[in-house]
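Pasting the structures in now, so scroll down.
In the two assemblies presented below, chain A is common to both, partnered first by chain B and then by chain C.
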Partner chain A sequence: MADKVFIALQNNSEAQAIIEAILEDNTNAIANESPGMVKIDCPGRLVVRRETVAEKMGREFDLQEIHINLISIGGNIDETDDEFVLSWNS
Partner chain B sequence: MTIDLKTTSIDPVRRTFDHIAEKIGPDKNATRYQEAVWGLQPILNQHYRPTWDPSKTLYDTSRTVVVMEDFDDLIDPRQYYYGTWTIRRGKQQDSQENNFNFVESRRLMESVEAVWLDKIRRIVLPLRHVAWAANINNSYIAAYGFGGPVTSAAAFQMMDHLGIAQYITRIGLILADNDAGILADTKSLWVENAMWQLLRALMEEAMVTKDWFELHVLQNFLIDGMLYPLVFDRFDRVVTEHTGAAYSMMNEFTVEWFAEASRWVDGVMKRAVQESNENKVHIQRWVTAWTPRVQDALKPIADAAFEEEGGNAIDEISDLLTTRADKIGLDI
Partner chain C sequence: MGKAKRLGLKERYSLMTRGLDWETTYQPMDQVFPYDKYEGIKIVDWDKWEDPFRLTMESYWKYQSEKERKLYAILDAFQQNNGQLNISDARYMSAVKLWLQGITPLEYAAHRGFAHAGRAFRGAGARVACQMQSIDELRHAQTQLHAFSHYNKFFNGMHGFAHIRDRAWYLSIPKSFFEDAMSAGPFEFVTSISFAFEYVLTNLLFMPFVSGAAYNGDMATTTFGFSAQSDESRHMTLGLEVVKFMLEQHEDNVPIVQAWLDKWFWRGYRLLGLVGTMMDYMLPKKVMSWNEAWEIYWEENGIALFHDLSRYGIRLPKYHEVATKEKNRVTHELWATLYQYGNALGLHTWVPEDDELDWMSEKYGELFDTMYRPRLLFMRDQENAGKRYFNNRLPMVCQVCQIPVFFTEPDDPQKICVRIVEWADTKHHCCSDGCADIFNREPEKFVQSLIPPQQIYRGEAGGARDIFEYAEWLHLKKDVDTGEYRGSPDHENWEAWRLEKPTPQTNSDKAA
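Let's turn to the complex of A and B:
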């Protein structure tokens, strides 16, 4: 499964906006809901875009805020102010 | 020996209230905002017509000519419901209070040149009356509007304007060393000085505008949309350049609030314009009719603030509004 990256977030109302944003920006991403957690799998590359999350939340969003609700990730991270990208370095 | 950990997931029977699920679909999680504002509007079982207007029911969609299939679609992009709004305003109040204390305890306004103090007194302080009128107008929208999202946001807008009126009052009291006489002087400026009469007439006309959506366009889009950039951006910048940085600190909330409230104002108008061409025609008609009135009313204030540059300032802030109107789908 080395071609797949994942991100797991707590399933609460704040993370809901992040989850929605991820599913909108990554068309191949699949969300799996477990009790209290949402794990999103995506082949190749998964991006969290600050702008999309801010729009879903209705307020400014700092990408570092993602860590409050972040449980786990699989993949190498490439982080800027505007994007949080997961992929495997080959 | 291997231990196989298994999780059992229990799917909830329902994810949200039925009336929310009807709007977003049964498989989606609703946001707190959606649960807080949708379906709030009383629609059924209104047995008696109000004695003050028997032609309509107590809550009636026909109090505006704008027609929506569902008024719950006029949502607030800021997603404010009582909880989120009070938390945000509480934080801003703390910070604003610190700014006032800072300016007062160090007597920073004393270092501002007298000519600029006088300009603040003549140009900014009478706006406490404008903010109060805006408070009344939004209270009208909240009372006679239809649908939880737009009426609750109008109630927040109403209280925000009251807050701004109080902050302006506070600036006046700081200028006058807590002598309340300055407020009486400000009122006579507002009531008697020729410079304010066009705006005062406009505010009073707004107060008797019956169509609540027209009032939203007039008050929140046109009047606020030109007045706030003119006074709290342009004029603020000029005062700051002339020894008045301390004054600018006291406007922190007002500036922040305007940027944020504009998103709501534009969002509601944009959604109504998208709904139908008839709505667009009505809203366009209001914008076309009121824009020159607002520009004329603000011209004397711009002249007092920027002297011969007044006309340019009005053109500049009209351009800002044109940009917003373009995004909404209107022409100015």
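Let's turn to the complex of A and C:
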């Protein structure tokens, strides 16, 4: 199985929309909750899509806003206006 | 006039950040940037530097100010609502004290280190990334001091962090770690701090420990912890980027980078033993044990990262398997050490309660039940008999990591591990093969380490003749700032506040 990438976000109401969007767009992703935070693991590749997050939030969303609630990541990043992708090359 | 097409993030970032620097003509570039070649790292094309987050200074200020607004709103609420009363137990404060004394000064050291590294790189992309990180680290030091200052009104041992940072034997562990990095060249500095420490290891500090702070009701630490960690993701990315950049620029860089990864993995792992001890022993309400955190953040996530780097010819760091062998004992060995040297610590130690021992049995299994539980119960019996054990001599510490030499052999948890290294007719002691290798690679550097117990015995600690005079020199008051938790003013205050909920007393009423 491919190595897992991960993204961890603060567990607050704003981040909730991002978490929901990630789980919807990455069917293999698993959310692990611990106090104050949610860590989402996914084999190989994980994508955060601007459109899905905006839909969940009910407003426009700039992907760089993710910095405000981001806790940590594991994986190589590729970021555009529409997608924030984490992946391992192996 | 037609509306101009909006540029994509990659194009915008490129336009905003490239072509801003220039080749100097009054002075040769090698004299303007004298430090970025002597380590042997070969850079063919600095323009190949990629910043994956593509954050311009404009967006940087925008998001940082948003983070600060959120943080300070919460700190105000915390202070106004007597947040100190909401923590799980006053024993928890030992973790906060260790953070303030040991970790916050590292944030400030990182601020200085990245300012220096940023100045040293001739590539503009790397300079900007270091500049942002330098500003971030100053923010972390300031927000931590600000958040902790509220606790300082109610708990002992927090009054002189800057004074003891340069004098306390146990704080030379984090201090020497960072000074080793800061006295290296700029590429090694960024590899050590951004990559080995931040990418590979600080997840263990800022994720399970800060989550533990949340679980223990510490709104102040949780808030600045996660706020700092949001910057940390950017720092980790810088770390991975600088490592990939060096490896892609020239094949001669590979063995240099590998040696740094070996060194800094081991140094970082040793330092994080203190964090593991905070998680296992100083959090009254437990979230995750050290061995579980090690399994998730190293054995799963850390190893995935090294698999990714294997395409450059990088292998797993040396002695990673030793660290994994030690995962079930390192925190228990460290706590027993802190417990016995409690007369020279600016925080309290204790024997855990029964339910905590049961939790440790569940997490650590047979090794805990055969080796560490009986020792803790023996310590408790001694204490109940009025003979609370203190080791009032000074420990022999490792010449490299500066932790007392008490860890055990990788394959025998009942045998103390000591490695003697020699250089220029002098003998030095190391705690492990990992630290001995680091010494042997740069003996000229590590032979100069200032070893606190040796300095104290030489009279360099204000002439202190014993551990009690030494604690005075640290401005630590016996049995108030130091020593056993049970019966301490912190403990008594906590009981009074919890039972009666009166207006809280300040330290000066009770302790001073």
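Note that in this section the second predicted complex is superposed on the first by the 87 of 90 C-alpha atoms of A that agree within 3 Å, B and C clash if a C-alpha of one lies under 4 Å from a C-alpha of the other, contacts with A are read in each partner's own complex, and residues count from 1 in each chain.
Just so it is clear, a contact is a pair of C-beta atoms (placed from the backbone, for glycine too) under 8 Å apart; a residue touches a chain by one contact, two chains touch by 3 or more.
Bear in mind that the values here come from a model prediction, so they are computed numbers and not experimental data.
**Student:** Quick check on the chain A-based superposition: chain B and chain C, clash or fit?
**Tutor:** Partners clash after overlay.
**Student:** Looking at A:16, would you say it contacts chain B, chain C, both, or neither? Reply first, second, both or neither.
**Tutor:** In the superposed model, A:16 contacts chain B only, not chain C.
**Student:** Using the superposition described at the top, determine whether chain B or chain C touches more residues of chain A.
**Tutor:** Looking at chain A, the partner in contact with more of its residues is C.
**Student:** For A:35, is the partner it touches chain B (first), chain C (second), both, or none of the two (neither)?
**Tutor:** In the superposition, A:35 contacts both chain B and chain C.
**Student:** Which partner does A:58 reach: the first (chain B), the second (chain C), both, or neither?
**Tutor:** After superposition on chain A, A:58 lies in contact with chain B alone.
**Student:** Residue by residue on chain A, keep only those touching chain B in one complex and chain C in the other, then list them.
**Tutor:** Touching chain B and chain C on chain A: residues 34-35.
**Student:** Taking the complex as given, what residues does chain C use to touch chain A?
**Tutor:** Chain C reaches chain A through residues 8-10, 52-55, 59, 63, 66-67, 70, 203, 206-208, 210-215, 222, 226, 229-230, 232-234, 236-237, 240, 287-288, 300-301, 303-305, 307-308, 310-311.
**Student:** Taking the complex as given, what residues does chain B use to touch chain A?
**Tutor:** Going through chain B, the ones touching chain A are 7, 9-10, 29, 31-33, 76-80.
**Student:** For chain A, which residues are in contact with chain C within the complex?
**Tutor:** The touching residues are 3-6, 8, 10, 34-37, 39, 64-65, 67-74, 76-81, 88-90.
**Student:** Spell out the part of chain A that touches chain B in their complex, as residue ranges.
**Tutor:** 13, 16-17, 33-35, 55, 57-59
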